[in-house]
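Presented sequentially are two complexes of subunit A, the first with subunit B as partner and the second with subunit C.
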Partner chain A sequence: MSGQSRAVPSLRRRLVWQLATLSLLLVLALVTGVRYAAETASRASQDAVLGAAVNALADALRTSDQGLELDLPPAVFSMLGAMGEERLFYSVAINGTVISGYDGLPAPPRPPGQLVSLFWRAAWSGADLTWAATARRLLVDGRLADVVVTLGQTRHGQTAIARETALRAAWVGAGLLLAVIATGLLFTRSALEPIDRLAAAIARRGPHDLHPLHQASAPRELQPFVQALNGFIARLRSSLRMTETFVVEAAHRVRTPLALVQTEAELTLAETEDPALRKRLRRMIRAIGESSRSASQILDHAAVRSRAERFSPSSLDLAALARDGLRAMAPLAELREIDLDAPDLPASCKIRGDARLIEMALRNLLDNALKYSAPEGRVTLRLKAGGRMARLSVLDEGRGLPDDPEMLTGRFVRGANSADVVGSGLGLTIVAEVAAAHGGDFALTPREEKGTCATLSLPLG
Partner chain B sequence: MRFLLVEDNVELARAVVSRLALEGHGVDHVGTLSEAGDYLRSAHYDLILLDISMPDGDGRTFLARIRADGRDTPVIMMTAHASTGDRVATLDNGADDYVTKPVDFAELLARCRAVLRRHAGAADSRRRFAGFVFDPLAATISVAEEVRPLRARELRLLEILLNRPGQVCSKAQLIDRLFSYDEEVGDNAIEVYIARLRRKLEGSGARLETLRGLGYRLIPE
Partner chain C sequence: MRHLVLALGLISLLARPGAAFEAEAVHDFGPEGAAQISVIGANDLPAIAPVLSAFVGAQPGYRVHYVQAASTEIFRAIHDDRVPFDLVLSSAMDLQMRLVNDGFAANVPDVGGHLPGWQHWRDQLFGIALEPVITLVSRRGLHGLPLPRTRRDLIAMLRENPERFTGRIAAYDPARSGVGYFLLSQDDQYFEGFWRLAEVMGRLNVRQECCSDDMIAQLRAGEVLIAYNVVSSYVSRFAPDDPDLVRLSFEDYTLALLRTALIPRIAANPQAGAELLRHILSAPMQHVIAELSGTPLPEGSGPASAAHLRPIRLDAGLLAYGDQLRRAGALNEWAAAMSQPDEAPEPCHHAPQ
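And then the complex of A and B:
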């Protein structure tokens, strides 16, 4: 199972992962973009300042008798100082010969023009710098000469600004990512909720509930699934019904010949005086009776199942049903000389239920009590309403319960202490299923002195 | 007692007739409702066993018709299980009781007895023998002014013996008719009830006689 669940990851996790991956890519793009934009912006401003500075330097060049004079204007340095703690390098060269400043500064990629400053980037003295150069054509020593002013500035500030901006963008991105994952979790939960609802609706069902699912209440994407499920339920139902029909038919076919065999055996018994033969015949009749009773209970059980499936309760008087049940069983009680009575039966007790089902349950309860009572014993029926339940108890003075009474409501299960009594093991199953169909309860408890108390609880109407 | 059995399944009918004959009842069997109508018009019956689904109609309709004619003969309905209707509804239609087919004979006989006893309440069902009066409905015998209650099996035993006064009933016969086949019964079980009934009959002018090796009989002293 665990291998399978690893092979099929959860839809929700998959959706959230996809959403998160997409957001991560977007955040990375955002950070990169912001960083690029910040660099471009700070480069443009550095270029502007450097351009202005290099032009101011070039404009400060004077030709005099002594040659070329450079009157460094203080405004230039205050302008450059505004860029932060940067180092500056400059050179003035006439026709390629440096006459002032640092020698050997990186050469411009192409000769700068007079009007347009040239900018480039190059490393020097172990740092990454932005360079600007401009040219002037001046009369030096009576000759026209090309003077090139080169100014370089380190880019610490610029890089720092770009890094800072990118870092902020990254924080914002991380926040966004978290928000996306959180909302993604919420959204997927609400999007997947119909699946959970569907699962809960199926899980809530009783063991015999084979109604189709309500298709209209499922979202469009789940409709094919619900449809397929309903198709499956329909097939299951028809196959179950076929089995049940078969069982009913089979039980029915078995019962009639059994009854005939039983009569023949009883007639033979009546004509026989030989004690040994009579003993055998009685044993035979008992076994036939057992088979016949089993077949009847299989039919009862099938009837209970099919009525419970189409459960349609109406208002009933449980006290009247109990009285009727007592009257119906009285001849059988008399047959075994058992006192069957119901002291303090209330005049009426309204419940909502299915009269046929309750009648079958009551018949099986009383039949069971009579069967397990010793002759001349007493079976008592009690009916009490308490809380929201009507409690119908059948008390006998029989042999009591085996150690684990719960198992007695299972199909074809009989107590370990019942080998000598005729029975199929379906009687209490029928009672338990009737209780379940009504949303009630069936319990077997031992009585204080001896015997068993079987209680069927049904919701009051 | 004379019974009318209305049942279209010949084998089942034969079985019911034989079984009831064992109890000493005379049974006429008919296979259709129209025949049943003819029989009812020409003879008196103490009890009708009526199958619900007959080839020429519904037993319940037939029952409603004979009740409308003013006939109050007790009726026990027999139904096939699959067509079992509401028990209450069947009883409301005028039936006295109800068994499902194929019948459990011990149950059928017990129900017949109960219905007959109930029904006899209208007429005087009390019987006099020797010096006591037996009232099966009240389950008592009265000796002089003294009323003595009977338990179910004592009553049944007395009924059997009173139906054949002076004749011998074997132990086996009594066991077969007194106990259901579900019960494990020893041959001595009957003696307990004989002894009890004897006590109840003390001073009644009747004697429950044991004929060794043959059985029992009830005779006036």
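And then the complex of A and C:
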């Protein structure tokens, strides 16, 4: 079982994992996107500032009669260096010769114009820098010269801003991820709840409940499952019914010839004088009687099952049924010289139930009690209404119960102390099934001195 | 074109190839055989010895090897000669910033966090002392003239008393002194009448000196009456209690240099350098330094600083002062103001600050 659960992971876990994986991917995409956007934005603003700065430097160039002057404003560098960890490099070159600033800076990819600053990227001094260059045409020593101002700035700030922004996005993303996992757990729980409900509904069913599941109460996604299950139940039912029909048919077909054989055997017994043959014929009759009785009870049982399945209760009087049952069993009791009575039987006791089923239960109860009572014994029937139940008890003075009376209600199960009595083992099963069909209860309890008390409880109408 | 040549000459001055940097003094603190921390600084020994002695006293496992050099030499030692010092101390903010910008400083992440923003540049450059730049006046020499409170007062006093001050004013020679040029640039930026002051001083035959201590010496000898732009830590040391010397903190503004420290990327023992740096920045050492330089760095660690103190900002703007054309232009204008336009300034290799 556990190996199977390892091989097929739980739906909820799978859903949550898929949800979490998807969210993780989204968060990664978010972080990457934010980082890219932040980098682009900070690069754009830094380029703008760098462009303004290189022009401020170029505008500080002036020619005087003593040559080129540069009134370099410190504020330009202050502003450039204010953000991040940037390093600054610049140069002023006339016709390619550096006259101020750093020597050997990377050359612009093409000559910059006076109005349009040129931006490019190049490594220098072990760092990756953004460069800007602009040109001014100035009269130096009487000749027109191209003065190129180049200004470079490291890009640590950009990277730092992008990293920090991405980090914040990552924190937000991590929060989202947690929220998604938490809500995912809740959602999958509620989404999978119908499955649990369905499972519980199936688990709650009694062993003989083969009604189809209520299809409308299942969500659309579970409809095929419920349909398949109902189809399976229908097949199971028809297969069971076929078996039962077969068994009933068989019992029925066996019973009639058995009756014939019994009659024939009894006739033969009457006509025979030979003691050995008579003895053999008696054993035969007894065996035939047992088989016939079994076949009857199989038929009874099948009838009970079929009526219980289509249980349609009506209002009826349990006391009247009890009286009828007593009357029906009276000849048998007389035959065995057993005192069968029902003192204090109430005039009437209304319940809701199936009269035919109760009749069968009552007959089996009384039959059992008579069967296991010694001749000249006593079987008492009592009927009491207590609480919401009507309690019908049959008390005998027989041999009592085996150690575990619970199992006696199983099909074809007979007590270990009943080998010498004819019986099929279906009688108490029938009683228990009748009780279950009515939503009642059947219990076997030993009596104080000797004998058994069999109590059938049925809900009052 | 002449200035272009001059500018190129200055480039070569900063980057003299071949020659090693020049040290002025070398001193070792701490026991022999202990782990050595190499420190290069512009401060002379009396200014730094108490701090370093306290360090090796508290940390007997270290020995501090202190090399004293001029600020331009310090720059050369790191930038050109690549000497693996563990700590570099200098008041030349522009050169220190240039070292940082050119990628010579290591990141020291666990120091800057405790400092106010103005006291450090990223995790690489740390202010260890504030050094006000003051003007010294000889009380006797003024003969009862009222003390100037602003630079305008100074200009007026010099104009009205040319006979008294001719040849008796001392100032930095910006061509020879890195600090001199740097302070000139700051004055140029903050005081719109600076070139008027320069012209007045030029007409009065101002003495151009390379170093603060020379100016102080001349002042105490009575040769000059006013020394303009003197770094106050020198005054504290060379004339601690001379009643004749008046320390003028001009009320229009009083510049203050930030003496800064950095740990080179190529340091042999950067952890030890950082250890020493933390020691220098600790409260007790800041008290010692405040006493030596006159103004405390962190608030509350010494006498209150004057309201008109204007600390020079530690940021990338400092890079502008190293520009060759800018420097050439400023020196040119200074030279013109000195009315000696034909005399080319001589480079001074002797102890500029």
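Methods note: the second predicted complex is superposed on the first by the 364 of 461 C-alpha atoms of A that agree within 3 Å, B and C clash if a C-alpha of one lies under 4 Å from a C-alpha of the other, contacts with A are read in each partner's own complex, and residues count from 1 in each chain.
The criterion applied here is as follows: contacts are C-beta pairs under 8 Å (C-beta built on N, C-alpha and C of every residue); 3 or more make two chains touch, one makes a residue touch a chain.
Note that the structure is a prediction, hence the values are computed from the model and not measured.
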item	value
Residue contacts with subunit A in the superposition, subunit B compared against subunit C	B
Partner chain in contact with A:Ser100 - subunit B first, subunit C second, else both or neither	second
Contacts of A:Asp403 with subunit B and subunit C, given as first, second, both or neither	neither
Which superposed partner A:Asp65 touches (first subunit B, second subunit C, both, neither)	neither
First (subunit B), second (subunit C), both or neither touched by A:Ala355	first
Subunit B versus subunit C as contact partner of A:Glu85, first or second or both or neither	second
Contacts of A:Glu448 with subunit B and subunit C, given as first, second, both or neither	neither
Partner chain(s) touched by A:Leu335 [first = subunit B, second = subunit C, both, neither]	first
Interface residues of subunit A shared between complexes with subunit B and subunit C	none
Complex contacts: residues of subunit B adjacent to subunit A	9, 11-12, 15-16, 18-19, 22, 80-82, 84, 86-88, 91, 97-98, 100-107, 110-111, 113-114, 151-153, 170, 172-173, 176, 180-185, 187
Residue ranges of subunit A touching subunit B (in the complex, touch as defined)	248, 252, 255-256, 258-260, 262-264, 266-267, 269-270, 272-273, 275, 278, 282, 285-286, 289, 292-293, 296, 299, 303, 324, 328, 330-332, 334-337, 355-356, 359, 371, 375-376, 420-422
Touching residues on subunit A, where the partner in the complex is subunit C	66-78, 80-82, 85-89, 92, 99-101, 103, 125-127, 141
Residues of subunit C defined as touching subunit A within the complex	1-4, 7-8, 11, 100-103, 122, 189, 313, 315-321, 323-326, 329, 332
